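Presented sequentially are two complexes of chain A, the first with chain B as partner and the second with chain C.
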Partner chain A sequence: MENTDPALLPSIIFTTAAQLVDCVDKKLLVVLRDGRKLIGILRSFDQYANLVLQDTVERIIVQSMYSDIQRGVYIVRGENVVLVGEIEPEKEESIPLKEVSLDEIYAARQDEIDHRRQRELTKNSKLMDIGFSIDTQQDDMY
Partner chain B sequence: MLPLTLLNTSQGHPMLVELKSGETLNGHLVNCDAWMNLTLKEVVQTNADGTRFFRLPECYVRGNNIKYLRVPDEVLDIAREKNQQQREEQRKSNQPQRGGYNRQYTSGGQRGGYNRNRGGGNVGRGGGHIQRGGRGGQY
Partner chain C sequence: MLFFSFFKTLIDEQVIVELKNDMSIRGTLKSVDQFLNIKLDDVSVVDEVKYPHLSAVKNVFIRGSVVRYVHLPGAVVDTALLEDATRKEAASQASKAGGR
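Let's turn to the complex of A and B:
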């Protein structure tokens, strides 16, 4: 029974929610299951990884371009979060992407979506010709 | 301050709820609970494409359908002030008890509430070793 003694187990095993403590009051990138990227300051969290973000910006990224939308305070339901990453202030100065206007990014994004759909259609029809059955469905957009 | 606590303090304030389907609901939060179920009033519902709008005087959202909520910036400040006020009040009411120890912990045994009153039966009755909480009882 000694190896299940809680005092001897490394505390890493119990810290799923506790690890976000290090991220509080830090600027984070949060990626949601629908593919959205939110950048904001984490103010609090709970055992479900529900998050409170302040001064949040939604950043739309298409290829090497990006555009930001100011959004304010978010309460994000934990199950929709894919990942969370700390943003280092120094690295924020040298982003390898070009900032463009919202209209431009929306147009670029729509283009990207149309191209992707076209590619899927041709790919699926070729696969069906060979005899594959297409039963995949894109569940999450990230 | 926990996310659900922030949600509770934003009762009465306008907010935007985005559902997993991509639909958005804009309205005033009437009430909410621990599962994030919400009741909103004076709601404008927008479909995922942003092409259709509906007005609903009242609406109920089951928490599991929510992707995220956006609240006004002021709500966060108001919640913080309340938090501070509560802490100060707790500090004031805790001070006279400092001499006697652990008086606030007597209710701790009931917090988990595992088997407190479940299964009627033999929990807590007869049998010298079973404590009132009946924790050992019914697994």
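Let's turn to the complex of A and C:
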């Protein structure tokens, strides 16, 4: 890991750079802590995994449907990054998802949120009945 | 830096990384850095039905801060060596602290 060549970056930067440097100029899937999925071309990054993405689309996935929203250039602050995946172009066409319109995906997502909330309410009231106290604070898990 | 060194000995092994959002990813450990960021090759998500978006992805970079567990194949961990290394690290930390 030690490099003696002064032309190279200091080794402490070098280790992180070694990880993302081969992803530059490739089409990547970036998953953020809030669950968003961004697909774009990686143009730059640093040791915090701050990222610059070009021609980004945000992909909303609900069950087996998806829809893309054009977003443009993104600078993502590293702390929000969960993972960065390199997309295989050959496999990209065969993803087991069906593209639908934005309106459809928003409706499906709202349905899912409502459904989950309803289930949560039922669960909480059941738990309350048998004497548990409920912490209703939603956590983002990170 | 003990865990960094430890993970470096596991390179090219099959591991399962469990993230704090409950997603688990199986793959070959390709590299680790000082933040314990992890790079995996030939990835597959353990619950593919729940996370279909990773099916077209071949390798991932996982930020160290979102990792909950790394499941390792037991056979590749030399526990005796790890114990030794831990003692050595603790001793060197202690002597550093004493020197101040």
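The rule we apply is simple: the second predicted complex is superposed on the first by the 121 of 142 C-alpha atoms of A that agree within 3 Å, B and C clash if a C-alpha of one lies under 4 Å from a C-alpha of the other, contacts with A are read in each partner's own complex, and residues count from 1 in each chain.
Here is the rule we use: a contact is a pair of C-beta atoms (placed from the backbone, for glycine too) under 8 Å apart; a residue touches a chain by one contact, two chains touch by 3 or more.
On a predicted model such as this, the values are computed, not experimentally measured, just so you know.
Student: Overlaying the two complexes on chain A, which is it for chain B and chain C: clash or fit?
Tutor: The answer is fit.
Student: Touch check for A:Ile113: first (chain B), second (chain C), both, or neither?
Tutor: Once the two structures are laid over each other on A, A:Ile113 reaches no partner at all.
Student: Does chain B (first) or chain C (second) touch A:Val21, or do both, or does neither?
Tutor: Neither chain B nor chain C is touched by A:Val21.
Student: Give one of first, second, both or neither to describe whether A:Gln54 is in contact with chain B, with chain C, with both, or with none.
Tutor: first
Student: Have a look and say if chain B or chain C is in touch with more residues of chain A.
Tutor: Greater contact footprint in residues on chain A: C.
Student: Does the superposition put A:Lys37 against chain B (first), chain C (second), both, or neither?
Tutor: It touches chain C, and chain B stays clear.
Student: Look at A:Glu88 in the shared chain and tell me whether it touches chain B only, chain C only, both, or neither; answer first, second, both or neither.
Tutor: Touch partner of A:Glu88: chain C, not chain B.
Student: Let me test your reading of the model: by the given contact rule, A:Ile69 touches which partner, first (chain B), second (chain C), both or neither?
Tutor: So A:Ile69 meets neither chain B nor chain C here.
Student: Pick out the closest CA atoms of chain B and chain C after fitting on chain A and give their distance in Å.
Tutor: For chain B and chain C in the superposition, the minimum C-alpha gap reads 8 Å.
Student: Where on chain A does chain B make contact in their complex?
Tutor: Interface residues on the chain A side: 32, 34, 43-46, 50-52, 54, 71-77, 80.
Student: For chain C, which residues are in contact with chain A within the complex?
Tutor: Of all residues in chain C, those touching chain A are 19-22, 25, 31, 33-35, 37, 39, 43, 52-63, 65-66.
Student: Applying the document's contact rule, which stretches of chain A touch chain C when the two form their complex?
Tutor: Chain A reaches chain C through residues 12, 15-16, 18-20, 23, 29, 31, 33, 35, 37, 49, 59, 61, 64, 66, 78-79, 81-88, 91-92, 94-97, 141-142.
Student: Which bits of chain B are touching chain A when the two form their complex?
Tutor: Residue list for chain B touching chain A: 1-4, 6-7, 20, 22, 36, 63, 66-73, 75-76.
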